[in-house]
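In structure tokens below, several structures.
Next, two complexes with chain A in common: one pairs it with chain B, the other with chain C.
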Partner chain A sequence: MTRYIARRLLLAVPTLAGIVVLVFLLLHLAPGSPVSAMGGESGRRVSGRAAQEMRRLYGLDRPLTERFVKWVGRVARFDLGESFVDRRPVSERLREALPYTLELNGLALLLTLAIAIPLGVEAGGHPESAFDRISGAALFALYSTPSFWAALLLQTLFSVKWKWLPLYGVASDPAPSGLAGLADRLAHLILPVACLTYGSLAFYARLVRAGVAEARTADYVLAARARGLSRREALWKHAFRNALLPLITLLGLVLPGLLSGSVIIERIFAWPGLGRLYFDSILSRDYPVVLALSLVGAVATLAVTLAADVAYAVADPRVRDGTGP
Partner chain B sequence: MKAFLGRLPGSGRAALAVVLGLWIVAAFAPAASRTASAIRLEARLLPPSASHPFGTDDLGRDLLARVVAATPISLAIGLTAAAVSLLVGFAVGGVSGYLGGLVDLLLSRVVEVVLCFPVLFLLLALAAFLPPSPSAVVLAIGLTTWPGDARYARAEILKAKSLDYTRAARAAGASTPRILVRHLLPNVLAPLIVSAAFGVAWAILAEAALSFLGVGLPPPASSWGGILSAAPAYIEEAWWMALFPGLALFLTVSAYNLLAEGLRRASTERGGYR
Partner chain C sequence: MGALPTPVPTAAPEPVLGYIDESKKRVPMEGGVLRRRLVGEPGTLNAVLQSGLPEQQVLQYLSRNLLDFDSRLNLVPGLAERYQVSADGREVRLTIRSDALWEDGSPVTARDAAFTIHRIVDPAVASPVFKPVFEGLVSVEALDDRSLVAKFREPYAYHAMAFVLPLLPEKRYSGKNFARARENRAPLSDGPYRLVSWKPQDAIILERNPRYFGPPGHFDRVQFRILPESSVAYRALVAGDLDETQIDESLKERATRDPDFNRCCRVVEFYNLDYNYIAVNNRSPFFSDARVRRAVTMLLDRPAIVRNLFRGSARIISGPWAPDSPGYDASVRPLPFDPAGAARLLAEAGWRDSNGDGTLDRAGKEFDFELLVSAGSNVGRQIDEMLAAELARVGVKARVRPLEWASFIERIDAGDFEAASLAWSASDPNPDPFPYWHSSQWPPRGLNSGFYRNPEADRIMEEARRQMTEDERIRIYHRLHAIFRDDAPAVFVTNASAKYAFRRQIGGLVTSPIGFTGIWPGPVGWWGTKAAP
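Take a look at the complex of A and B:
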């Protein structure tokens, strides 16, 4: 197992290097600069001298390789630079937005799993049953529904027509205090969390269903039934637990999916999280923030993927002893 | 091909009918485009009625005409972007799986690098930084989604490579290109078609998301996502601006997804590809 883990870690080194290079190239080879974006936004042209002055101020007049080396050196010391927009440290801006995204996506992920796992086990335990077919069709429809469209429809119904829930934002202004304040914040969470949840539901439910449907007829499940376990117990304690194993390796892909979903949903619901920050920074060509967010997102994904692979090796004896796939 | 379609489940056939129907609607786009661009401020934000079945938008344009006029753009961008993704993905994945060794190791790292990024992060960066044009949108979508296709193609090639007839062909002295084209390609054709159908659904959705966020197609071109982008500003007074363009999008995406799912089943039943 040590060899397996060592090999996996070693392979992550070129991937990490690739991430760093890709992030840098993507933005610095792009046409247009924050200087032109600033001039464009204020509606007046920046004079040649002023533009030159700004380029010098932001270090944009240096050659690409020099900027790359400098940037890597700073990133290695966890210095992500300053935002072009407000001159504040990028890390500070990320820290401010992170809790909002965690709150939203954490709740959405919990809710997704809480619905997808029982749904998948039940459907996989009885393949081709009425429940399996109906839940499958419903999940398929949800999977094909664009999140921004769903968000608009939910806003139309729940906020505009029935006035049950706030249209957007994190809290009312002024925010009520105490218990009423908590209720107010929860009310603001409902629609964005619902939008983030329904889309990923199908993905997880189908994975669980496939795993359980396959394990259902395996010898160890039949043996469990023969020992007198109920159908339900055999499904949950044996089939599901085995179906869970391959799911571990997919954990790494959860993170980029969540961040992607956050961009759209946070924009529609005016949620001041990382997705919104990324989108705003793209529009204002705030390179340091875009670089930092892409880098942090990709490196975090790589780290989770690695951790998942290691966990899989620890959990699966076939990988652990090097006797299996 | 005919036998292949015969094995398509009922839902897949219905989806195929919808997909064909959408292309027929697309044929009416030139006829609708004049009405679609006719600005009549006195008729702005009218709810659905007999004369405007989908209502009118904030500039008094007929929404039905706009949705019809946008059909070929949305479909074409979806198809071409999926083609780019498939081409790059199957080329990289195919070479990686066939050659193996160091090449495979390197190409697999490249795939892994791209997969680490949130798709929408890359998509937004590319779409916003490339000069705005339809081909930029196609490139942005194609260049961010190919790693999925590459992984898929690699697995399929690895599987086909170890089959007896490939090894027999090699033993008989067939050249590498001949093995690739004559023996491996026919075997990955079914997975390729399935991938393509799922890819089109995804690409249409991606284009709509970009245009909705305002970094997609530059005006005057307008796709369903572009029409939807005006809806949030009028959410309090004109629900039809959100409902109908989104409905067209939903119908198209689910039709392509359903078709892909049907094709996948049909190809699996034949001999267990997946």
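Take a look at the complex of A and C:
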């Protein structure tokens, strides 16, 4: 087992190196530079000499290989460098934005599961029933609704017309304290969480539905029914378990995405998360920040993949012996 | 079913776009919170390191300039109570007010000013806004606590404008790494407001600075919300979460039809010194002949752009200035929209369809080029599409190509393009065309990205820079304007109005040809007529 994990870890190293080299090259070879992007569209144009000075300040006058080696050397010492835009440590900027993105995406994922699983089990328990067809159609309609459009519509209705919910941001200013403060934070979460949730419902609900529908007529479910379990119990305790395995695999793939944030939703709701930081950093060619975020994403994906591999190996001896599927 | 007649657009009344000055009205209320919008997160609040509009908008409240522009664009005292330019135009002397204080109570001195300028010219400091105006600096020196003298290599009519300059407190920066100092995110104020908090990607809050030497601002607090999406800012305005935002043509259209908007808000529109133009590469085989460049100008239906794209609130221009710039000579009429005349000019220049493929050619080269535009610019793209359509009719192929901003502007700055749609944005009233059109300023050295060269225009531009009498200088620019019209170094398109939306309770607005932000007191003079709901 230890050997299996060691082998997997060793394999992860070249993968990570490949990702890092690729991102570094793509970023630095793409047209545009931190100097040309400075100040965005409202930025002042600077003359050739001033631009040359700034390239030197950012170290952009050095050869690409030298920049790469320097960057890798720093990363190996857990130093992600400093942002070109505000000259603060990249780790500080990441730390600021991370909790907001985790909060938003984490809640959205929990809510998605809380809605999608019962829907999927119910629909899978009665395939081709009216409930199955209607919920299926509704979920696909939601799935095909673009999130920016829905976000603006929800804002217009709930914030502008009815004034029930705040339009954007993470909290009111000044923020109320105590319980009222918590309620204020939650109120600010409702619309963005809703927008992140509705689109992925179909995905999870249909996955659960397929598993449950398949298991519904399996012998062990019929046996459970014969033992006197109610239809509901048989579905949840036995058929749903069958659907749980692919769901967990899928969740493993989705978890690293919790870090990446959603650019569109974070921009529309002015949410100070990682998605916006990533997007702004790409536009301003803030190489250290883009590299750091890509690196964090790659490490998280590899870690989760590794964990999943290990979990499979624990569950299935054929995997770790290298003889299995 | 019979065909319905196409509705004919009724002529909209010509908008009245005079400058607004509400500063003389009685202030109905002191106090309250002003809620403004930033489109992006400022990278710094170090005045020397600032690079874009969000930073300037916040710093205007925190840092007074040595000199300022008033709403009529005259240079007026700021931290400096007076200034003097030597007769040879090489030296500027300024005297700082005795009552100007930093937020901590220490005086603002000439040494702070000298320190600030030394940092700007330091090659190890990125100061994109101020480096260009101090490029010819020879020395700067504090003679005593209050007197500053700056010497420049060349005489220049606009050296004094360089001192529309915020200052940094020397003592706070000494011994620190300038680019990384804590002060860059917690600046020491010498202006009417001071920083309370800065939540990244969220909000910046300011409150009145009790140590400020001038009259206090009308609002107790100013809150900047960082709101990247314009359509959300519009909703925030109508919902009462925001007091002002800049809007574009399409949001203005929407606002005029939206009763919810009109109940609570108003559109404020005025002409500034910005303009749209299409830069062409004067060195390229397509555009090296002035007849071709004139023909391209005559193929752009600018009256239709004013009518349809800007709904009447734009003015056609005939040179590299907006009509309200002192450089602009209103008697230089723009070239007409004249496709037939343009076709003749192209033929005169030797462009004919000799191989019968529908595209003009000359010496075996087809007239086929890329027309670049920034992907974010709707106006630029529509202007390009209109031009490309007219060009196609006379047998010239222009392929419109949108590019992401940083890659777009990199190609422009390098002069690596045939033609590109651009917007000129004026942050000061300096009409000097030298940095953008003089042949010594070709890339990579300078910003004459279209590689324009005309010996006569060069001579006139040099002469104007040395001419210290304003009336004389304006006469020189007007001579230049006629050359620019006929030489057409670029396709000058229109000066469109600047548009903002305000909650109705905000008053005291004063507009200027450089907008709200570049003038004093600008937004600092705004007031509220009732507390925000």
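Methods note: the second predicted complex is superposed on the first by the 286 of 325 C-alpha atoms of A that agree within 3 Å, B and C clash if a C-alpha of one lies under 4 Å from a C-alpha of the other, contacts with A are read in each partner's own complex, and residues count from 1 in each chain.
Here, a contact is a pair of C-beta atoms (placed from the backbone, for glycine too) under 8 Å apart; a residue touches a chain by one contact, two chains touch by 3 or more.
All of these numbers come straight from a predicted model, not from anything done at the bench.
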Looking at the combined model built on chain A, do chain B and chain C fit side by side or clash?
-> clash
Chain B versus chain C as contact partner of A:314, first or second or both or neither | neither
Is A:97 touching the first partner chain B, the second partner chain C, both, or neither of them?
-> second
Of the two partner chains, chain B (first) and chain C (second), which one does A:152 touch, if any: first, second, both, or neither?
-> both
Can A:298 be said to touch chain B (first), chain C (second), both, or neither?
-> first
In the superposed arrangement, does A:160 touch chain B (first), chain C (second), both or neither?
-> both
Which of chain B and chain C A:169 touches, first, second, both or neither = second
Would you sort A:19 into first (chain B), second (chain C), both or neither based on which partner it touches?
-> first
Check the residue A:267 against both partner chains and state whether it touches chain B (first), chain C (second), both, or neither.
-> both
First, second, both or neither for A:72, with chain B first and chain C second | neither
What part of chain A is shared between its chain B contacts and its chain C contacts?
-> 30-32, 152, 155-156, 159-160, 167, 267-268, 283
Interface with chain B, chain A side, in the complex: residues 11, 14-15, 18-19, 22, 26-27, 30-32, 140-141, 143-146, 148-149, 152-153, 155-156, 159-161, 167, 253, 255-257, 259-261, 263-264, 267-268, 278-279, 282-283, 290, 293-294, 297-299, 301-302, 305
For chain B, which residues are in contact with chain A within the complex?
-> 105, 109-110, 112-122, 124-126, 128-131, 201, 205, 208-209, 212-213, 215, 228, 231-232, 235-236, 239, 242-243, 246, 249-250, 253-254, 257-258, 261
Contacts from chain A onto chain C in the complex sit at residues 30-33, 36-51, 53-54, 56-57, 82, 85-88, 93, 96-97, 152, 155-156, 159-160, 163, 166-170, 173, 267-273, 276-277, 280, 283-285
In their shared complex, chain A is touched by residues of chain C numbered 40-41, 43-44, 51-54, 123-126, 128-129, 131-132, 135, 179-180, 184-185, 199-203, 205, 223, 225-229, 231-232, 235-236, 238-239, 241, 260, 374, 376, 403-411, 413, 425, 427, 435, 441, 443-447
